[in-house]
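The structures considered in this document are given below.
What follows is chain A paired twice: with chain B in the first complex and chain C in the second.
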Partner chain A sequence: MTEDKKQASRLLRGIHRTLTGLHPALESVLAAIVGLLFGALIMWVWGYDPIVAYKTMLLGAFTDKWGLADSGAIAAPLVLTALTFSICLRAGMFNIGAEGQVIMGGLAAISVGFFVLPSGLHHVVALVFAMVAGGIWAIGPAILKLTRGVNEVISTIMFNWIAHFLSIFLIGAVLLNPFSADQTIAIPPSAIFSKLIRGTDLTYAIFIVIGFALIVYFVLWHTAVGYEVRASGLNPSAARYGGIKNKRTMFLAFVLGGISAGLAAAVILMGSSATHAMYRLHGQLRNIGFDGMAVAMVGRNHPIGILFSAMFFGGLNAGGRLMQLSSSPVPVQMVRLVMGIIVFTMSVPELARVFPAVKRHSVGLVKEMKRLTSSKGRR
Partner chain B sequence: MAIFLMLVGFTLQGMVPITLTAVGEIIGQTAGLFNIGLEGILLVSAFAGALGAAAAGPLAGLAIGMGVGAFIGLAFAFVSTYWKGTQMVAGIGINMLAVGFVEFGMIRFSSNAGAFTIPAEQHLFRFNTPFGLLSPIILVALILPFVVRWFIKRTRAGLMLKAAGEAPEAADVSGINVNAIRMLAATVGGALAGLGGAYMSVAWFGFVTKGMSAGRGFIALATVVFSGLNPILALLGGLLFGFFRSLGLVVDTVPGFPLPAEFLHMLPYVVTLLVVSGAIGRVRFPKALGVPYKRE
Partner chain C sequence: MSKRPRSDEIAKYYLRAERITKIYGDGTVAVRDVSLDIHQGEVIGLLGENGAGKTTLTKMLSGLLPPTSGRVSSPLGAIRFSSPREALAFGIGMVHQHFALVGTFTAAENVALSHERPFARTQLANTRARLEELMAESGLHVPLDVPVEKLAVGEQQRVEILKVLTREVDCLILDEPTSVLTPLEVDELFVFLGKLRDEGKSIILITHKLKEVKSITDRIIVLRHGELVGDVRTSESTTETLAQLMVGEVLEHEADAVELSDRDLPIRRVRKPVDRATQSVLHVQSLTSKGNTGETAVDDVSFDIHGGEIFGIAGVEGNGQSELVESLTGLRVPIAGQATINGTNILGKDPREIYKLGVAHIPEDRWELGLILPFTLAENAILGVHQWKQFKGPLSFLRWGRINKHVRELMDRFEIRATGPSAPAKSLSGGNQQKLIVGRELAKDPAIIVASQPTRGLDIGAAKYIRDLLVEMRDIGRAILLVSADLDEVLALSDRVAIMYEGQFMTVCPPEELTRERVGLLMGGVREEAVA
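Take a look at the complex of A and B:
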């Protein structure tokens, strides 16, 4: 009897939290809906048919094997750059430098084209190169932050631009493909992941991505280091009082984030990329870092949440390509606009409270539930 | 000598968007709002300004750019005051939205997906000076920091602005509407960034590309950090970064210069890092910067 009551009240609390917007997953869903609705509005204003466009997009991305595979292929690197942002945010910092770390990781991965190794070992070497390069590029802003107190938002952006110009130089002078201007040498076949599903972009690299996300989850939530990282992010002074070296955890978070971003570049270049080469203006690596931030926020900065939200954004992008070909040919760039609105919306805490209707109904529902459970208890 | 004059001219031209944006952000930060969406405001208003200029002339273009900037500033301020939003996240959202909007709009409004060019007869007039053709907006950027400095330091309204950022509770108790002041400050800040953006397309380059803001919003943010919210130092910062950008451009044209061009293009960003890391420690920011004000 009392057990029943306890369970009922726990359920009630859960429902209450969900409906009043305290539940994180619901907020993400709500933000996504707001973003898609705004997107529809803009499409409509600019003379497209949003219903046809969204239908093509969502059905194409999520309803068949090929659509899901292509969505997953786009989602894979986004998971990693989202982790870059999230790990640092968990440690209390805004690392928006994934873009530059991705570029450096990509350059390092490409460089394995210069030597011959047996397949398998070649994969490992390329992945390690990319991770090390991404990690090293994250050390700069970390050191500036820890020794000089430079705001990481500024320093990481500056490092992004430095990486941008450095890569243009390296692509033009060192990694250039002698047979094709504006393009680097390609990663050799012995270091390329084979396709998981024929005819799609999905490769075996997806397992590396999921594995890495699970490792990050394990490290952050089930090890002492991860606890320290999260503690110093939640309340730095309390953490320091508790004997945690904040500077060390911040440094670790930055480097781990950089490693993740570097890996993202390798996953693209060794996997879904068509040419397995980099371009002067990084066509296929472009915006991976920034899109990752949207994924991270919608995934509530939790590795498992990120897996789902990356799939959502991957689907938007994969479906967006189909949308361009539908009878209402909205350019795929629309997707980034929608992502921006979603992130902007995500900045509002307890989002559901903003919508009076949701709030009113949820309060009514909770009252109703209370009445029902209490009468049940009496019986 | 010709190169020296050219360098001065380039520096003055390049200083404008950074200075205007930084001064706008100083107004916002003095009131307690930390908007990192400047990059996005610059980009959107450059695009909107170009569309406006192509349709209705350069002055309309500048006005539209300012209006769009003000609108984004207002939206940001609304979310981060009345809805208690996380300002960093909202700013990141603005930047992302801006890239998507401009990429999308470029396809919609221009036959060329990479750039939108304003017809030459719709460019803003320029003064013919020994330093080359200079836009009148340069004068605005040179004078405005002093006006804003005077406003914040010497007027009652400026004091209210400071109170909203420094001690919102005390300001509230003394009858100042903290949220309204913050909204106003961020809107004005957004309008100034919008002017900077529209200047880039309407009065400087004459075209827009989707990568046009090129980190200027973040350099402006760095300038704000290093100035310690002093608009006059922000002007110096703008001149400094404008100078290093033009140095790269000018030296690039010298034949046989040993360093590859890419390293010269890095200069403004490297200098930003150096200046900011040298400046931290001596500057102090409003106590309530970035914290939404909640009445108890």
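Take a look at the complex of A and C:
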């Protein structure tokens, strides 16, 4: 019995070490591959041809200029919302309020339609508006957490809904487009980013996104402020011992995250869509915040990793549209399924550690394996 | 193994340990060659300093930890349990120092949870009935329907004891039960323990408070450095002999015990008289602080430390030393008193402001406070000094080049063995981690060094190195506050020693005026007058 137990825990430790000992980047790649394989399995079960589908998807998303441009256009806002999640996670908090901060950023960006400014300046004003609005929306949960100890998971979800309904009101009452009842005024052409590649959704805003990711990287790893954020996220008591004010770093991380989310809305609204307005149920902005969390996870909460993982998810989405046009047309929902599996796979190393039940079962597993091998030997 | 021994079987002994030794994986000998019998109907006091092996011994006696050699047996044969629940079924219950209660559950629910089938429909009602019966019998009353987290610590402990009692134990082991209780609660508990003894149960009381041991036990077992140094009838012992046994007269075991002896260290010889007329570096007046659970942890403490002296605080852990250090380093806000460093008030200031006055703090918990383990050596080496001009450029940019150079210097100067500045701190050995902390703090060129348990858990070489560093710092005129549970260390290094007991200084004097016997008494809370 004890011998079996020992072997079981050795086996588990081995699996665990293999899973966690990988380089983080490799782990992400492994999760992506597992996700794609599992997606293929499901396609196969339902009678689709996974090889044709994936070929269409990957070739469409990553091989030509237009495919890459579309992938990049979808990736751009995801980078920013992923940063929202990652910055807060680095500071030790679980901020899932990007969704609401995106909505508020979007409303602010659209409000520049009320005044006339020269192009260029108009861009800047719209971007600043969006960032400030996103940042302000993040202050609410931050203050609740720092003064009253309200869990940020709860408060950010609440703030998401507040933003949702507030936006419905504002779209219907303040920003209303007189010619179309379910959408806002349009962002004037003087505040629209021009296309980087004609015929695609990719605009010059992509440079702002990459620039912002690099700035976040430098702030976190090369400044004293970022050092304090990371220190207090990893070990708040040691940070306090080191003279760091944890509340200040938490507040900073929240606001910086909000700014990033607000910017994500501006990047979408000031570029990709043809109407440049927000709809009552904000179709273009929906799920940007939540998808960002998946991107952040696969990107290992590192700004540079996030750039790559956003491009991967962007490619999945852009190529996924083509998948339904292939000779073996697969529903586009398959893309979200693959994304879900990837997120699950990413958390497997943690699962191995968390559940002691796994250990108990593995005792039985080892016994069973022994029985099998010994009976084989007899034969 | 769930069968219990019959009463006629345990007439001779209930548990017997035969030459048990426990060596942990890292080579620490926790218990060495201990033999003893435990009978029914007696209260045994298990006495010893921190790290003497008390907890390890009781774990082996209760069958939860297998000895490396030797055997623990009951009249039914050798005992070995895989969980406390199994041990309880056999009749051995242990109440730990740290409670295992679910805060949001009521007392009744917590007790029901410890039973075999906690979620059976009648379990809660049965438990309640049994608890009410027990409370009437024992006099240990707790409110049954209030969430446990709302109860006072003493009440929580009673819940723990009741939890064990509902399982009809034959042997009850209590680990430092009185450390969280008020004197009145202690009296109540002892009356009840006496009752249990009269019912024929065995009770093992782990403690280091001499007075308590004297007042309740029938027999006292003293451990020192894992060895059984005394097994005496309480009626035949005195507090003095017990103190002597607990602390030991001189250090006989050079290799495995603390390797310090007065002769080995040059400090005593080169001590320069401190000029008390000059202003002290640290001045503390009537400092009072509350502990984490709201009790008064530091009680009206006053002292001064001058440059060029080591002020040592000895005492059993948990008597307010940690809270005192935290109060002086900005990690805890005291409720009353004054403290100044070179004339500047430090109370209520945050750690950064206090560091600016020239304070270095070597914290007692190097993993929780001293280091951020996933961070690299370089990142850890600037914790607390990361805002300094030499490491921070314009726009708050960190100068990694300079920082890495600084780290290499630290590695050279303080003999920190690591692959380089970018090695994660968790990859370092304990000794090197501590050297990193000590190096970082001493590199601040501080006026005063607050060193809390600076050599705990280190191997002899690293410990000696750090002790030598502290002496070196004293010799160049720094003030040092040394807090350590290692009595030998405090006595050998300090110029003046304070003995702390229940938040107060029992005495402050040069170490030469202290005999080990007296130290043992003072650490156990026996005042001078009582001895004389």
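One rule holds in what follows: the second predicted complex is superposed on the first by the 328 of 379 C-alpha atoms of A that agree within 3 Å, B and C clash if a C-alpha of one lies under 4 Å from a C-alpha of the other, contacts with A are read in each partner's own complex, and residues count from 1 in each chain.
Here is the rule we use: a contact is a pair of C-beta atoms (placed from the backbone, for glycine too) under 8 Å apart; a residue touches a chain by one contact, two chains touch by 3 or more.
The structure presented is a predicted model; accordingly, all values stated were derived computationally and were not measured.
Colleague: With chain A superposed, do chain B and chain C clash or fit?
Modeller: The answer is clash.
Colleague: Quick one: classify A:Gly242 as touching chain B (first), chain C (second), both or neither.
Modeller: second
Colleague: Examine A:Tyr227 and indicate which partner it touches, taking first as chain B and second as chain C; both and neither are also allowed.
Modeller: second
Colleague: Check the contacts made with chain A and report whether chain B or chain C touches more of its residues.
Modeller: B
Colleague: Is A:Arg336 touching the first partner chain B, the second partner chain C, both, or neither of them?
Modeller: It touches chain B, and chain C stays clear.
Colleague: Please work out whether A:Leu59 is in contact with chain B alone, chain C alone, both, or neither, and reply first, second, both or neither.
Modeller: Touch partners of A:Leu59: none, neither chain B nor chain C.
Colleague: For A:Phe290, select first, second, both or neither according to whether it touches chain B, chain C, the two together, or no partner.
Modeller: So A:Phe290 only meets chain B here.
Colleague: Should A:Ile154 be classified as contacting the first partner (chain B), the second (chain C), both, or neither?
Modeller: Only chain B; A:Ile154 stays clear of chain C.
Colleague: Given the touch rule stated above, what does A:Phe169 touch, chain B (first), chain C (second), both, or neither?
Modeller: The answer is first: A:Phe169 touches chain B but not chain C.
Colleague: Given the superposition on chain A, at which of 79-87, 151-159 or 259-267 does chain B overlap chain C?
Modeller: Among 79-87, 151-159 or 259-267, the clash with chain C belongs to 151-159.
Colleague: Please write out, lowest number first, the residues of chain A touched by both chain B and chain C across the two complexes.
Modeller: Touching chain B in the first complex and chain C in the second, no residue of chain A appears in both lists.
Colleague: Which bits of chain C are touching chain A when the two form their complex?
Modeller: Counting only chain C, the residues touching chain A are 329, 331, 350-352, 355, 361, 363, 368-375, 379, 382-384, 386-387, 391-392, 395-398, 400.
Colleague: Along chain B, where are the residues that touch chain A in the complex?
Modeller: 36, 75, 79-80, 83-90, 92-101, 103-104, 107-108, 214-215, 218, 221-222, 225, 260, 262-263, 265-266, 269-270, 272-273, 276-278, 280-281
Colleague: State the interface residues of chain A toward chain C in the complex, per the touch definition above.
Modeller: For chain A paired with chain C, touching residues are 222-225, 227-228, 230-231, 234-235, 237-245.
Colleague: Touching chain B in the complex: which residues of chain A?
Modeller: Going through chain A, the ones touching chain B are 42, 46, 94, 96, 144, 148-151, 153-155, 157-162, 165-166, 168-169, 172-173, 287, 290-291, 293-294, 297, 331, 333-349, 354.
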